[in-house]
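So, here come the structures, one by one.
The following pair of complexes shares a single chain, subunit A, combined with subunit B in the former and subunit C in the latter.
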Partner chain A sequence: MKSWLPILLLLGCCASAGPPEHRSGYHLLGGELRALQDDDFANPGMLWVDRGERLWNAPGGPREQSCRDCHDEPANLRGLTNRLPRFDAEADRLHNLDTLVRDCRQQRQQAEVLPHESEDLLALTTLIAHQSRGLPLEVTVEGPARAAFEQGRASFERRRGQLDLSCADCHQRLEGARLRGETISAGMVNGFPLYRLTWEGLGSRQRMIRWCNEAVRAEPMDPDSRRALALELYLAWRSRGLPLESPAVRR
Partner chain B sequence: MSLSARVRIPTEARAGEVVEIRTLVSHPMETGFRVDSFGRRVPRNILTRFSCRYADREIVSMDLRPGIAANPYLAFRFVADVSGAIELRWEGQDGEVLVERGHLEVSAA
Partner chain C sequence: MPAAGTPAPGRKRSVSEIRQRVLGSLVLLALATASADDSADCASFDLVGDGIPQPLGERVGNPDAGRQVAADRQRGDCSICHQLPLPHARFHGNVGPDLSAIGARLTPAQLRLRVAANRHLNPESVMPDYGLSRGRHDVATAFEDRPILTDQEIEDVVAWLSTLDGSGP
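Showing the complex of A and B:
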């Protein structure tokens, strides 16, 4: 019986890793960075979660309302982030975590809009995403979201920039290959918002998309645009089934 | 991001026990060697000193330099011998100070 244990462990390992297209960037990290992400004290992304908790309770806007006044505990939003982006049929648009928080602040709280990638917005989105940690990514791409999904898929396949590369060229066809010192990731988005050592700070999925576009010398997308959100929907669909890791740590 | 810290300070120990303090502080630790997208030098902004006092004795101190990454994580171990206050202190280059306090209660071994 004892001799079976290593084999069972090995099987368990393979099952959680899944097929190559479902491999979290976590598996490309060295032992030290995995340990950093797994340690809820030392994980630097938790600084933003702490800050998010303070902001959650801070009153704002003309009626001095805080997030807590409406939503109560942040834990009530467990199960939200892993289903984003989602299609809002009434507004005929996709919403991701950033646009939901920004709209809520502007329209309901009537406080000043938090700029994209600002420390305060990242603090709130990381706090909210953190509540869904461990839940599998599952976005809806049928029904009214179908058109956006197809637009996102086309965007993923389209060559762009001076280097004339599409997302799929690297993150699908060359996934696992080497790009100088780096292993090319599968482009999974289950860790966002995440702490990236290159940035020495946090970033959203849209910041990563912008970074990638700059890397192939393409024009960056407006993070609120339909095509940017459609691409994010497609990326989330590719990552379906992976557990949410936010705040993840990446190189 | 404004200066704030996550700290884990032990509250109880037996005399002679080795205990650990862990700290994580939010700070950009800007080196002063980088330039922004307009080619302008980004001014240096770093923490310059960290120290820990335990029962009125300084048990740890260190100078921080521009080579240390943003959001420094510092952890250290020491032998708990007497009950006493613990004070962690970070000092920035422009005189800003962040202090976190705790109390370690030491019982006979």
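Showing the complex of A and C:
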């Protein structure tokens, strides 16, 4: 079967590059940034995890309850973030990490709601996401989640904004090309919440969506809206199988 | 500046390929609704072959102004995708072809079509139509019903691109 060898090698080479939906943005980082992400003592995102731990134990609301009073160790939430967003059939809506934390705080703890992208919300969400580090992303897109999934896919592929570009134009067709100094990744979401050097701070998946929409001069999406959550579901599905890295580090 | 402009695979179409598709056809591209400012003030582009021979809005292009427009991140920002002789742009993208000598390869009419309405040649292209605003979705309010560049800015860019013969900085 010697004559097959070149073909097998060719296939092998393509396979190792993998389908676009299976390459974490981590692989585009230089050695220094990888080292920064890999070292918990140097990773700037870990500051939010520490802050999250303090908040986890802080009593709040009329009954002075802390997250710990109901959930005990944060580690109990291992396996949550890698399955988000998930469809809540009773409420007929998708939940992501932000809506779960915000709703729990408002409805059960009855404390004031944490604003999107606020340091306190990011501290809690990063703490929770961090518990699932290493677990593969696996969202459910069948059953009641199907319609949202299709909506998210359509949104990903639809050109938008004054520049009239879609998410797919950049993160599928142009993956690996250089946009000025930036190499375009496959647009995976396994690192979030993550630390971006250009932000000099942490951000959620929805902040990234907002950033990319701004780049093409598109109308921002409300991060609680059905379409924003549907798009996030599709992004999480594209990232399926990748290990959760939060808090990842990106340029 | 080292040459960095390798076209992304499958992105580049040869001029002859484009010619084959549109040569000889005279097409009128109806433009988006004219807006209050002077940006969308022409009602149509007259396509001849794969170019627009008439300057947009009968403007006269200025190459120096065109270099500014191409470099300006809020306006052309062309080097995000193309290698261009812009000494100030430290990084160039490689999404589109190297344009360092494009003036030697394309006529002003061809350049005008590619800057103003490139997707007429290839609807799938990622290069935006800088002179059109029609049919876009979810445009941010500040940019609604406005093309990315005004007629004058497009003429300026075309005038600058026409001067590029590969001898630039």
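Keep this in mind: the second predicted complex is superposed on the first by the 231 of 251 C-alpha atoms of A that agree within 3 Å, B and C clash if a C-alpha of one lies under 4 Å from a C-alpha of the other, contacts with A are read in each partner's own complex, and residues count from 1 in each chain.
We adopt the following convention: a residue touches a chain if its C-beta (ideal position, glycine included) is under 8 Å from a C-beta of that chain, and two chains touch if they have at least 3 such contacts.
Please read these numbers as outputs of a predicted model, since none were measured by experiment.
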| item | value |
| --- | --- |
| Clash-or-fit label for the pair subunit B, subunit C on subunit A | fit |
| Which partner, subunit B or subunit C, touches more subunit A residues | C |
| Partner chain in contact with A:P44 - subunit B first, subunit C second, else both or neither | first |
| Touching partner for A:E119 - first (subunit B), second (subunit C), both, neither | first |
| Touched partner set for A:E200, first subunit B, second subunit C, both or neither | first |
| Which of subunit B and subunit C A:R83 touches, first, second, both or neither | neither |
| Touched partner set for A:A177, first subunit B, second subunit C, both or neither | second |
| Lowest C-alpha to C-alpha distance for subunit C against subunit B (Å) | 14 |
| Subunit A positions touched by subunit B in one structure and by subunit C in the second | none |
| Residues of subunit A that touch subunit C when the two form their complex | 158-165, 169-170, 173-174, 176-181, 213-214, 217-220 |
| Residue numbers on subunit C that touch subunit A, as the complex places them | 4, 8, 79-81, 89-95, 119, 126, 128-129, 133, 136-143, 146, 148 |
| Subunit B - residues contacting subunit A, complex | 1, 4, 6, 8, 22, 24, 26, 28-29, 69-71, 73, 75 |
| Residue ranges of subunit A in contact with subunit B within the complex | 41-42, 44, 46-48, 50-51, 119, 197, 200-201 |
